[in-house]
Structure formats: C-alpha cells, structure tokens
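Same chain, two partners: subunit A is paired with subunit B first, then with subunit C.
For the complex of A and B:
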C-alpha cells in the first residue's frame, strides 16, 4: 500500500522516459551504425535489446514512416555501393562469352566461370537474407505497428525487392546491355545444357539460385505468376528446351532405330523430371514434361511408328520391350494411343489377310498338283483335292490362332493389358476374319472343330482338349455371321453323328455347352435336339432288337438293324447326299426282300410306339456289314482256299452286291439293269459302283470295259478272284467325309443361308412392328439390325426387300403423306 | 487438483521457482530471472528475435531489460509461467499466506524463491476459477459462495461496463469485508495494469495484452474514484501508438459513463498534459466518432 502510493510520487522520471521527444537523428545514427555492423557480420557485439528499444521508441513517437524510409535508403545504398561491386567482379569474360557465342571457350572453362558467378551471387543473396532477417527482427515493432497500419510491405520484403532492383536488374557491363538477371538465366541454362551433354554440374548451387528467383517477384504484389523464376527463367528454359529437343528428335530419327529412340526419349523424360527435383522447381515438372513429350513424342510419333524399325518391325521380331516403350510414350501424349493402335491394327489386318490369301491359294493351287500325282483312277483326285482343302482350312485356323496368340502376348506384356488396345485388336481380327474377300471363315472354323472331333483330340488330356475347344470359341467370337457357322456346324455334326466319326460324345457335348455360353441358348437348341435324336435312336434300336427276339426262334440268318430316327426339321439332311438332284422328291430305292421285311417290321414296331409319324428311309446315308464268301481260287502260294471277308459297305453298295448273290458266276449286269432293279439315284449309283468296281483295293466287282468312268453301257461281274490281306474290309464311298465345299456347294449353302436369313429378317420386322404399330423406315432398319446382331449382320438392301415383300403380302403398309418413310402394322 | 491442466501449470510454476533447466536470464535492475527460452521465445517475438539472431544476447544468454519498468517486467515474467499476474488471493487463504502472496508486488521479497508451494497455490486460484466457470461443481477446496462472488464481479465488468452497479459493487458489504482483510489486494493497480499492457505491446505478447486490458477495465469500474486514475489514463495514452485502442477505449468509455470525472482536479491536470486524451475527449463531447480522423484504424 505504501509502495503503491510511492509510485505515484515518482512521476517525473517516468515522464522523462516516455514523454520527451526522441532525438531521431541520434537514435537513427545508432541504428544505422549497428546495421553496418550486422552487414559486416559483427552482430555479436550489439545488444539486440538496445536496438529493439530504439526502433520501438521511434515508432512509438510516430516516426515509423521516417524510420522505414531511412532503412530502405540504407539498404539501397548498401546494395548499390557494397554488394553490386562484388557481383560485378564475377563477370569474367568466360561468363559473358556464352551469352554471345559459344566459340572461343571450352565447355569446361564456361562451366567453371559459370559456377564462380553462381557461387558469388548465391553468397550475396544469402548474406542479404541473413542480414535482413536480423534487421527485420530488430525492426519488428515497426513491421508490426507501422507497416501493418499503413499497409506497407514488411521491411524484409522491401529489402528483398531492393536486392532485385539494385542487383539483379542492374545492367552488366557487356555490349548487349544485358541485366544481371538475364545473365543468371543464361548461365543456368548453359549449365543445364552441359548436364544434358553428359557433364556433371553443381546442382545444389543452381538450386539455391533458383530458390532466390522463386522468392522474388517481378512486381511488388508478390503474385504467384510473376515470380522471377517464372517470368525470367522458366519461360526461357522451356523455349530453349523445346528448341533442343526438336533438334535432338530430328537427329535421332535420322541416325538411330526406333527402339533406341524410344529408350532415349524415355530417358530424357526421366532426366527432366529428375532435374526439376534436384536442380529446378517441381512446379516446372509438368511444363517441361509437356515440352519433351511434344517434341520427342507427339510431333514424332507418326514417324517413329512408321520407321523401318518401327512398330511393324517390332511386332515381326517380337521386340516386346520396345513395343512397351512405344506404348508408354504414345500413352503419355495420347490417351487413345491412336498412332500405335493404327499401326497395330494395320499389321493384324495385313497378317490376317496374308493368312486368308494363303488359305485360298492352298485350296486352289493344290488341285492340279493332286491331279498330277494321283492318276490312278478317277476317284481319288477330287478326294485328295478336297482333302487338301481341309488341310488348308485347318492351317488357316491355326494361323489365325497363332496370330491371336502372338498379339495377345504383345498386348499382355507390352501394352499392360490396355482396354482400348484390346478393343482395337478384337476389331482388327473381326475385320479380316469377316473380310468380304474371304467368305470361308465360318466353314473353316467348323471344319477345324470337325477335324479335331474326329482325329485331333485322340490321346489328348482333358486340359488339352479344353484348350482346343476354347480356341475354336475364341475364333467363333470374331465371326459375324453366326447363322452361317451354325449351318456348317450342323452339317458337320450331322455327319459325325450318323457316321459315328466322333471320338468322344462327351467332348461334343462340352463343345455345345461352350457355344451355349458364348452364343446363347437359341443357337444350340437345334444342335442339342440332334443329340437327343441320337439317344432316342439308340433306345429304339435296342428296343426293336428286344422286340424281334421276343417274336420267336432265333434265326441264324436274321439281319440286325441299327437305326437312327431323325427329326426332319432338325437335321440338315439335304446336305447329306445327292437328293437335290431329284428336285426335292426323295428317291425310293428297292430294297432286297430280306431287307425290306426288316424295314416293314421296324415300321410296324415304330408305329406302335408313335402313331401318326411317317418314317422316310434314307438309304443313301446308311451302311451295312456283309459277310462274303469267295470261292476257292489259286493263291500266290499255290493253295486253294475259301476266303471269308467282312465287308462294310454303304446301304446302296449292299443292295448292289445282293443283286449278284442271285446271279450265276459268269453272268453280268449292265449299269442300266442295276439301275432299273434298285432304283438308286444315278449319281449315287455311279459313286457306289466306282468304289466297288474301280477303287483298286476294294474291287469286289469287275467292270467291262475297265476305265475310271462309269457309263450306262458298262457291264459288271462278280470278282471271284478278289483278294485282300485283311478279313475286314471297308468300302469307302467317294466324298463321304466332311470336306471343304466346292464353289458350287458354297454358293448353294450361301443361297440357303440367305433364304433363311430372309425369314429371320421378316420375323424380326414383324415382331418389331407388332409391338410398335407404326415406325419410320430408318428406325425399323436400325432395330432390325440390333435384333439380329447376335446371329448375323444383314445387308440393308435385304431388309428393304423383305419389307417390300411384307407390304405386298399385307403385313405392313406405307403411311401416306408423311415426310419420312414410315410403315404401319396391319393386324 | 489432478486435472492435466493443473499438472502442467504446477510443473511450469515449479520450473520457474527452481530455475531448473533455465537457459536464459532476464535482468532488470538488480533483479535476475532465470527463464526458459522454449517458454519465453514461443510467446514473445521479441525474445525470439533476441535468441535466434547472433546478437550479444544469444551469445551471453542474458537479456538486460533494465530500461523497462521493473514492476512490469516482473509481471510479464510471472505471466509467462503462471498465465496471470498480480493475482487476487481469495479470502479463504490464511492471512499468513496472503501476506506471502502479495510478495511479488514488493520488489525484494526474500521468501519468493523458497515458497514453491505457496506460489503453486497462487497459480491454482485463477485456474480453479476458470474451471468452475465451466463446470458448476468446482474443486472441493473452493467454497462455492466465494467463487460465485468472484465471478459476479468479473461478469459485471464484461456485460455492464458503465452501469451504476459498478459503484454499488465497491460498497458491497462483502467486498468491504474483503478489503479489510486483504487491504493490499484491493489497491486498484490501474497504473500497473497500464504498464503491463504497454510492455506486452512492446514485446509482442498478445495474451498478456488482453489480460492486462481486462484487469484494467475491471479495476477502472471498481475504482472510478481512485487517485491513480489520472495517471493511469496518461499512461494508457502515452505508452502505445494511437492506433492501439485497447486501453484508450476503456478510458473513453469510462469518461463517457462518468461525466463527473472531468470535474476532478487531478483529472483535469492529466487531461491537459495528455493531448491525445484531450483530443479524443473533445471529439466525444462533440458527438463525433472518437477515432474518425485516423483512416488507418478504420482500414484495420
């Protein structure tokens, strides 16, 4: 309490402390000399408290503005008089030289001189920063009160600007009147260029100068875009880099191969990225990247891809690494990778087209060659020809699969399994597989499966079989006209089933289920029905056998019957033989009595089970096993021996042979007689007689005169002297396997296919119109196309014709008086 | 007592008392304060400036503040460790203790260094008060009635700065009872607060600044008739720049609510001697905005 009162008494001294005018000049004198000490690194002698107090008092006495101005002036003078001189001293001729011409000095000389310059500047800048931060701490109160209240930049910032103006923006002594800042930029660029050329430079040194440029701004507002780094350095850096990489790209494209170019470009991109991290600023990274990418990739990618050692070369030589580089580079500048995609697609289509051409060539050119080699008889020549075609088909499939494997590998290993490229690959494969110049892909694929079902999968493990099937499915995916494929597949499957050619029923079913997954239920419906018929037929056969056994005593001469009952709509029976010769009327041949009895027996049995169904006998498709006894004739070893043979012949062949059973040994039958007695269609008869009387190994009959052709006037005898090594003999009938179609057949098939497409289109149109009632032409076409996409791609013309036809038949009518062609559905 | 805050505060207080780990010495006249750079530099830019630059202070580890008011320096140091200064002891303290508690006010207290525990208690009081402000059920050591009273007065200063209530407060029987018991505490300390405010401004300690202002405003209300008032007003106008409104606003507000003040002779003398104050009072009397002439302030 007493102390408190006491304080009130000591007013005068307090007043002296605060109230009196501060002697500004004196105080400033103290401060200025202290600043000089700080600049000459003698701060440790100074009392911070004292300096702070002086500055505080000046500001408190409202002399802040004056103080601020004095400090600026002090710094300006210091920089101009003391620092500038030492910086100017750094301009050695070698530093200045590089701004004008590169001649006269070696890179090393320039590098050393440049580093000296950078070091000196860095030192000056560093000193300035340190001193100014000390000054700013001393003048803290001024910054806080005066600068903030009057919105002046802090004294530190102001001093940094002074450095910019008094040092960096002062002219150098050279003739061009360049300022220090410009020189600095050139020195840094020169150093970077040296590094690009393989020199080692002092990155830290450059980085600290870069930090200086980053910290300073071209204006006094400190806006981001106007950093000296951006304004004075970066722009020029990008420009010179662009020029450099432009030339480098030109040089490289001329002198090295594509792979080396890619590696180089990639290295450059990496280098520039690293440079931004270690030497410049990270913010430059995207910009310089763009420059490099533009110059080395974007503007050059076309040339690069097209180079002799470009994409095509890489694909052909399996340069997966280089392809990966190209992919990576292209991906940097173009998300669609259009150049690479284009080149890849072209290569696929080219290679695919080559495969197509090879297949066509193989199927055509081998025909005369086969003829030349197989003069023995008429039969084998066309057979071998078509065999050759089958080989060509299988080779084609394998070629395409190989191509597919090759590009899959490239895609996986070089293109990082890129989705866009996958689409492109798929499109290219589809392109050449469905090429209009090559209409055989559906047939070839089906044949490939056929071949594997019959032979290929023998002895293979489940895995391998699955692999084969999967390959077929892969190709099937590309095929546009699925309906055509279905037609071929049905035909081939039909033969396999009826002639028991399939190695494994299991595998067949596996294939069907694969197709079901890939193409849908609709596609496999009829195929499955075929299998069902086969199963039912087996039951019928055994049921009938049981039925016959139950009839009475076992007759040793009884003929056994194995039968396949085929639903007529499901099976492509018209493709199975020569029925088309008869104008659609199925021929009825005359069976021998014994056979006919059995036939009637089965018809009766069948009608009991399924009344009302009509059975049509297709003798052209059956086969028979006959035991034949040949009389004793002298053998080569001189013995006489009866010979028994089991002959497997076609049903027609059996009928023909049975005729000779009734005939005395020396008698003969003419072709016409045989024809009249059997009523076998002429074509089939000729072929069967060829295989019985002309084919050298199965000459059970003898023909007069002996020739390849069968003429109506030919006479036939039973060959008593028939000789064969084996007991069991199979008499093949010409053209019974699945072969590539001849052109005539193909036209046939396509015509049929087109007919059925017509129905499909009509059905689709009617379905759509029934639902929509009224529709514009264009829209109707679109919807029809999309409905049928899964089966085939109809031609627009065909759709038009079908629509016309529907209008004629009054399913639809044109809507009168509308601008766009439209139709209305008529119920 | 086992609150984490209390734990920290006790730790800081004991650091200060023992001078343990001290790495900086503050001098003020004959007084030495062993303080910690970590604590001091992180609170005041002045001390940070002194320690981070290679001036003499950072080499010797001694900062001489003799030019400053020793009382203000002491309060400032106290604030660094206790987050408060000139703490008003509560009446529950024994008279023995309270006499020691006032010791920081007397320049040379021989007991200061030893009285660790007592100083701890000194720290606890404002803190406890703050805690009980937040939670109705306070610590067991603080009698509820007193706590409530303490805050009533604080609240009044905040919400009703210029009502006659303030005058009534001084005549509150309870308060006067306290005044008798702790006479020293009841001194207004107006000048002290103004000085602390000034030193906080000088050394850039915003927390201390606002604390001093609050105390100043509070005391102004309680001791409107204090003989210290004229000097405190002068102090407020002379130790900071014009744009610093902290204490100036309090002073002007006081004059506005108590027009009679100008009739006091000592006040008149002070106004005459202080042009800044005179000018602002003039503007106030003329119905003009007090700070209208200073565009810089309006800009802030």
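For the complex of A and C:
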C-alpha cells in the first residue's frame, strides 16, 4: 500500500523531540521539586504532562539509569528524614512498654496507644502508596522503557521496598535492637489478645496494617512465602496463640466442667476463623485452626473425655448437646474419633456389665430367701426362686434394650449418626453381651421372647408386637453364640407349642421369619420343622377322630385323643424330660386301660399311614380334660348338690386321678403305691402330686400328713369336699413354665451345646478339606472360624481337638516333611 | 485499599465531564470522549482525578510535542480503537505514509 504511493515521502519529524540537548541536572531539579510537592499533597498546580515530558526526555537521552537512581535516592531520603520521624513520634511509652512487660499499664491505655501507633503507621503507608503511584505514573515512560529493558523492579516496587527498609526495618530507638516491624507485630498481637479477652478493637485498622505486611516482601523477588506477613507476623501469631491456648486449656480443664470447656473451645475456633476473615488474612485460617485444635482439643481430648463431668457424666445425664460438642471437636482433630469412641465403649461395657451383674445378683439374691422359705416347706421355694430368676432375665433384657435405646438416641442426636461410632457401639454391646463373665445372654433373650409370646403381647397392636420382636432381634444380632440361643429357643418354643401357651401362632411365625432374615435359612430350618409337625399333628388328630368314628363303636365314654407327633430330630426332646436321672431310657408309664386302648388304636392308625416309624409316648408332655363328678356335700346355702367340674390336668395327673376312680372313697394310696402302679418318674410324680394335693385351689386329693413336701410315705385320699367356684379348673403342674435353668441344667445344656458344636466344627473342617484337599493348619483354622462365625465362635482348642479326632478316624492325614503343619484330605 | 480507591473513583466520576480537551502545540483543540482519551496511558494518568494534577482539574491536556495534524490522526485512532475494540475483521485505518514516523513517536510518547 505504502509502496503504491511512491511519490510521497515520509517526512522526518519536523522538530525532533530529541533535537535539543537536555540539561539533566536542571530537569531533575524540576522533577525533584515537583515530587516534593506531590509528597506534601500539593499536586494541583503541577502539570502532569510537563513532568511526564521531562522524564520522557531524560529516558530518551539514555539517562534512565541515572534518573532511576536519583528517584530512589530521593525517596530514600524522604522516608528517612520526613516519614521516619513522624513514625517515631508515635512510639509513646505505652506502646514501648508492652514490648518489655505487660505490667504497669492498663489494657485500655495500651489499646489506645497501640491504636494510635497503628493509625500513624497506616497513614504513613497509605500516603507513601498514593504518592508513589503518582510518581510511578509520572515516571511511566521510565518504567516502560528503562526498567523493562534493564530488568529493574518498577519504581513503585522499588519504593515499596524502600519503605520496608527505611521505615519498618529501622530500630525503634537507638538504644534498642527492636525494629519497627517487630513492634508492629507485637502491637497487633497485643490488640488481638485484648480482643480474646473480650475488648473491642479496631479490626479495620489492623486489617489495613496486615494488608501492608501482605503487600511487602522480605526479599526483593516478591515470592509468596516471603511476604512480610508470613515471615514476621504469622509465625509469631501462631506461636503466641499456641502459648495462649495452651494455658487457657489448662486453666479451663482445672476450673470448669467438660460441657463448658467444649462450648468454649468451639467458640474459640469460631472466633479465630472470624478473626482471620475480619482482622487478618484468610490464608492464616487453616493454620490458626490447627493451632487451636491442637491445643484445645487434640492434646486435651483425653483429659476432657476423662473429666468428672466428661463423657461419662454426659451420657448418664443425657447431655446430648454436650456430647454433640465433644463429637464435633473430636471429629475435627481425629477422623476416627478414637478418644470419644473409647470412652463411649467403656461406658457401654460398664453399664452393660452392671446390667449383667444386676441380673446375676437378682438371680442369686433370691437364693437365701428361698432357703428361708425352705424352712417351712421346700415345695414352692425353688419355684419362687426360679420365677425370680425369670424376672431377672426379663429385667436384664429390658435393661439392655433400654441401654440400647439410650445410646441409639445419643448416636442419632449427638453423633450425627456417624458410621464409625455405630460400629463401635455395636462392638461394645456385643462385648458385654458375650462377656465370659455373663454366659446367660442367649438364654435370657430366648426367655424374653418366651415371656412375650406367652403374656407380653396380649392386647397389643400389631405395631407394638412388631416392635417387641424387632427389639429381640436387635439383641440377638449381638449374640455370638447363636447356636446356644437356638437351643434355648427351641426348648422354649417347644414348650409353648405343646402346651398351647403361645398367644398367637401368627406372631410366632412372624418371629421365625424375622430370625430367618437375620440369621439365615439354616438357623430356622428346625424351628420351621417344628411348626410343620404341629400342623401335621392336627391333621393326624382329626384323621384319627374320623377313623374312630368310622369304626362305628358308639361309646359314650369314648375318649377323645389329640396327638402331637414330633420328629425326634427337630424337637429338643431331651430337654423336655425332667429325667436326667433316668439315664436316657425313658420308662414307660402305665396307662389306665381305657387310655391304653386308645393309645394302641392310634398306634395302629399311625402305622397304617407311615409304616416303620416308631412312636414314643411322652406322657410327661401331655394334658387331659377330665369331667369329674363330686358327691353331694352341704353348700353354704344349705342345699345339697352334685358338682361337676371339668379338670384340665397333665397326663400324669390324669393317670393318678384315674387310680382314685377305682378306689372306694375312704381308701387311700401311698406315694409308693401310686408310683408302683403308674410307673411315673419320681420327679414328675412328686410335682404332679404337689399340684393335686398341696396347691390350695386345686386340692383334688388330700394328703397325710398335710405338709408342703411330698414324701414317699405320704398317703393320699380323694378329696370329697373339694370345692371350687368355676366349673372349669386348670390344674397347673408345678414349675412347668419356662424359667432360667438351674446351674446343673446349665452345665448340661452347655455340655450338649459343646457336643453339637463339635459336630459342627468337624463338618466344617471336612467341608473345607474336601474342597481344598491340602491345607496348612493355620489356614484351616481361619477358614473354619469364618465358616462358623454365623453360628458361634469356636475355641481354637476345640478345633484342634476335632482335627485330631478326624485324623484318628482317617478323614485327614498330616502331610509329612513340610515345615508348616498341613493336612491332606483322605477321600 | 482497593475498595477505597473504587469509591473514590466513583465519587470523582460523578463530576467528570463527558468530554476532555486535547491541545496540540500549534493551538488546535480537540474535544474527544473521555473514555476514548483514556486509551492513551499518558493522557489517562494526567487526568486521573485522585492525583489532582492541573490537567485533572481543568479537563484539558496540553501536548506541546505533538502538532495538530498528528494529534488529529491520534484522536481518529482513539475513536477507531474504541469503536472496534470488540469486533473482528476490522478494516484498516488509513494512515498517510508521510505521517508514519511522527505518529509512531506520538504513540510511544502517549503510551497508546
């Protein structure tokens, strides 16, 4: 384009700007005096363009370096001579005083003096900044051309460094080694301290000074880490804060309670955060937070938790807010919240152990009472004893549930439903429930369910029932020895089913399905089989009834039979007999002829349906309804009346009563005669006779001598004068209810349990080995443990023994010649 | 400080005129939009209200190193620049070759 206009010449500038020689000294004189005007805020008469032009000329004349040096020199002198003096004038004794000691002056005086100092400094800094930006703009051409080309810091930056060196880094007085910067730091810290103590300070003022420190750097390279703020102030700030909070924590721990401490700590943390926003720089925030957290929480959390008014106190008094505070604080410094967790766990275990002890104590404290009762007659005393044990069991379960509710509440409301803490809670509950000092938890829980099934759920809504069941499941979840529980539950369930004690079959099934969900199919398999047996038995009963009717023999005195056929593998029959002394073989009791006939009839009927099965009659489990006719005796109103009663008695009771049927009224039978005729086991006989002859409301027999105990020599009569208000009478057999086992029974149960555990272990070992063929001992034990974890926690010793026994029986063999003990599976 | 500056600027802006006067060495006066004038660093600095230089209070900048012809072209460029600041495919501005050198010097001087 330009070439296209070839005719036109490029004109040289008519009058070269650089044409004239520039008199540097003169020009500098003009500039310097103008700068002075600027510094004294008299710029209005100056022409920017003129000054700019002067500087421009000087730079053009390659005198940039000289100009730069002159300006620096000018500023240096200005700061040293004018500004420093005015800053030093601010060092009132009160400001200086606090550099040595805090005594002698009041906080208020110090605060005022400090503020004056800060204000003055801020003023000087502000002025310097404004002036220097004006200067820098005037010298823009120099910055643009000279500084960039020669890699010098801009004149503005250079002047800022001069301020640092000539003002901040000068000694406060000739005598002292302290520099203004140190004093500044100290004054700010002092002000902050005053704020911590509750004074109101000028945050804005301090923030300005902090900005100054932020804007200046310790070196000339302006690196981030070496900002004066970080180098001189922040470090000091963190140190003094650490010291301060260290002392404060000490004081607070000594003087106030844990709740107050937590509130205070939280407030301090919040305050420091605010302070960083309003007074200091936000970049300090995480650092000071850490200091506060370290001093107030991390180093103190242990003491805090252990305080008299610590976690324990809070739990006991339901101080949910304070627990929440502690949680929050602990969470800040320790994601695992180990201190809090530890304290909570300890408390749970303590409280749980208390509940355990209370239960044990409750079950034992009755023992002396029972002994006292035993003086009069030993009959009902053990019963009361065991009843009270049952009460203790129920109480224990309720205690534990209460504990669980309590801690759940704490967990929800104070611990923000923290997952880690939940596991800790669960572990602690499991710990004390499975504590070796308290072996009865399985039994107690089963009893608790039993009690509810029999009585507790009466008149409750479905929701409430569900609640109760859910609670039981919760506890069950904690129990380690699930097999032991299963054993007890089976036993209790068995009683409930056979004796029709259960209020609702529906609820029973609900419970089972809950357990199924919780513990798996295996666990409930046998329980379900029990229900199935019950259903089949009902069918059998009605089938047999039809069958008998079909036989056509109309017997008005025919006896109706309701039968329960139980699979001996599924039902814990051994626990139902009272009969350890029978040595396992159950003596067949002699049924009266009428009964025996129908028994044989049923056996025949059953054999037709299922051949090859053997029926064992468990008379001790049955009951009978008898219609009894009592002879006329005078009534209260003087009339004579026959009295009909329907007696509901146990099968044994029925057999005994039928004996008296054949006896003339005045005759008697001795205990031994009854025993001989019926062949009822002694224990059962005693209990049945007690209920028939001793219990006041159902005294159908009379006994001589009239004592609560039944002795072999006692004689029994039919009670002609029996009297009762109701037509239907239920003769309860003594201690047929479920109750806590006696120690002997316990040992028995445990032994049986151990036996079955042995089988479980063997089965597991064989399963594993069959799959793996060869395995090291340690690994085998581990796998066995993990396989059985759902049922119980076997002892390693027991596993070892089982392995030995398997080797003996040649299921396994030791692998010879290997360093680690290993086994091989033998097919 | 930054916010203090901002408010000060806002205060000063309130009584700022919309146009400012640029005066060449041969006495030509150019009244141009303040915003356009600000594109030149030196002019902007000279007018900065917070500094309180003479130019600032009079809204008038004497430029004794630049003649009217060149200053006219400078003003044209300032408007041209402002107008096209955010557009693409901008047409070239016509610059007479004979003015090139003087314009360059002026541009350097004014920090355009």
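Note that in this section the second predicted complex is superposed on the first by the 778 of 827 C-alpha atoms of A that agree within 3 Å, B and C clash if a C-alpha of one lies under 4 Å from a C-alpha of the other, contacts with A are read in each partner's own complex, and residues count from 1 in each chain.
Please note the rule applied: a residue touches a chain if its C-beta (ideal position, glycine included) is under 8 Å from a C-beta of that chain, and two chains touch if they have at least 3 such contacts.
The structure displayed is predicted, hence computed values, not measured ones.
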May I ask you to decide whether A:790 touches subunit B, subunit C, both, or neither, giving the answer as first, second, both or neither?
neither
After the superposition on A, what does A:140 contact: first (subunit B), second (subunit C), both or neither?
both
Quick one: is A:47 in contact with subunit B, with subunit C, with both, or with neither? Answer first, second, both or neither.
both
With the two complexes superposed on chain A, say which partner A:29 touches: subunit B (first), subunit C (second), both, or neither.
neither
With both complexes overlaid on chain A, does A:171 touch subunit B (first), subunit C (second), both or neither?
neither
Using the superposition on chain A described above, determine whether A:520 touches subunit B (first), subunit C (second), both, or neither.
neither
Does subunit B (first) or subunit C (second) touch A:59, or do both, or does neither?
first
Partner chain in contact with A:149 - subunit B first, subunit C second, else both or neither
first
Under the contact definition given at the top, report the residues of subunit A touching subunit B in one complex and subunit C in the other.
8, 11, 43-49, 52-53, 56, 134, 137-138, 140-141, 144
Of all residues in subunit B, those that touch subunit A in their complex:
45-46, 48-50, 52-59, 63-65, 67, 71, 105-107, 183-184, 187, 189, 191, 202, 204, 227-228, 231, 238-244, 296-297, 299-300
The answer for subunit C against subunit A in the complex is residues 1, 41-42, 45-46, 48, 50-57, 61-65, 67, 96-102, 105, 109, 111
What does subunit A use to touch subunit B in their complex?
1, 3-4, 7-8, 11, 18-19, 43-49, 51-53, 56, 59-60, 62, 133-134, 137-138, 140-141, 144-145, 148-151
In the complex, subunit A residues that touch subunit C
2, 5, 8-14, 17, 43-49, 52-53, 56, 126, 129-130, 134, 137-138, 140-141, 144, 208, 211
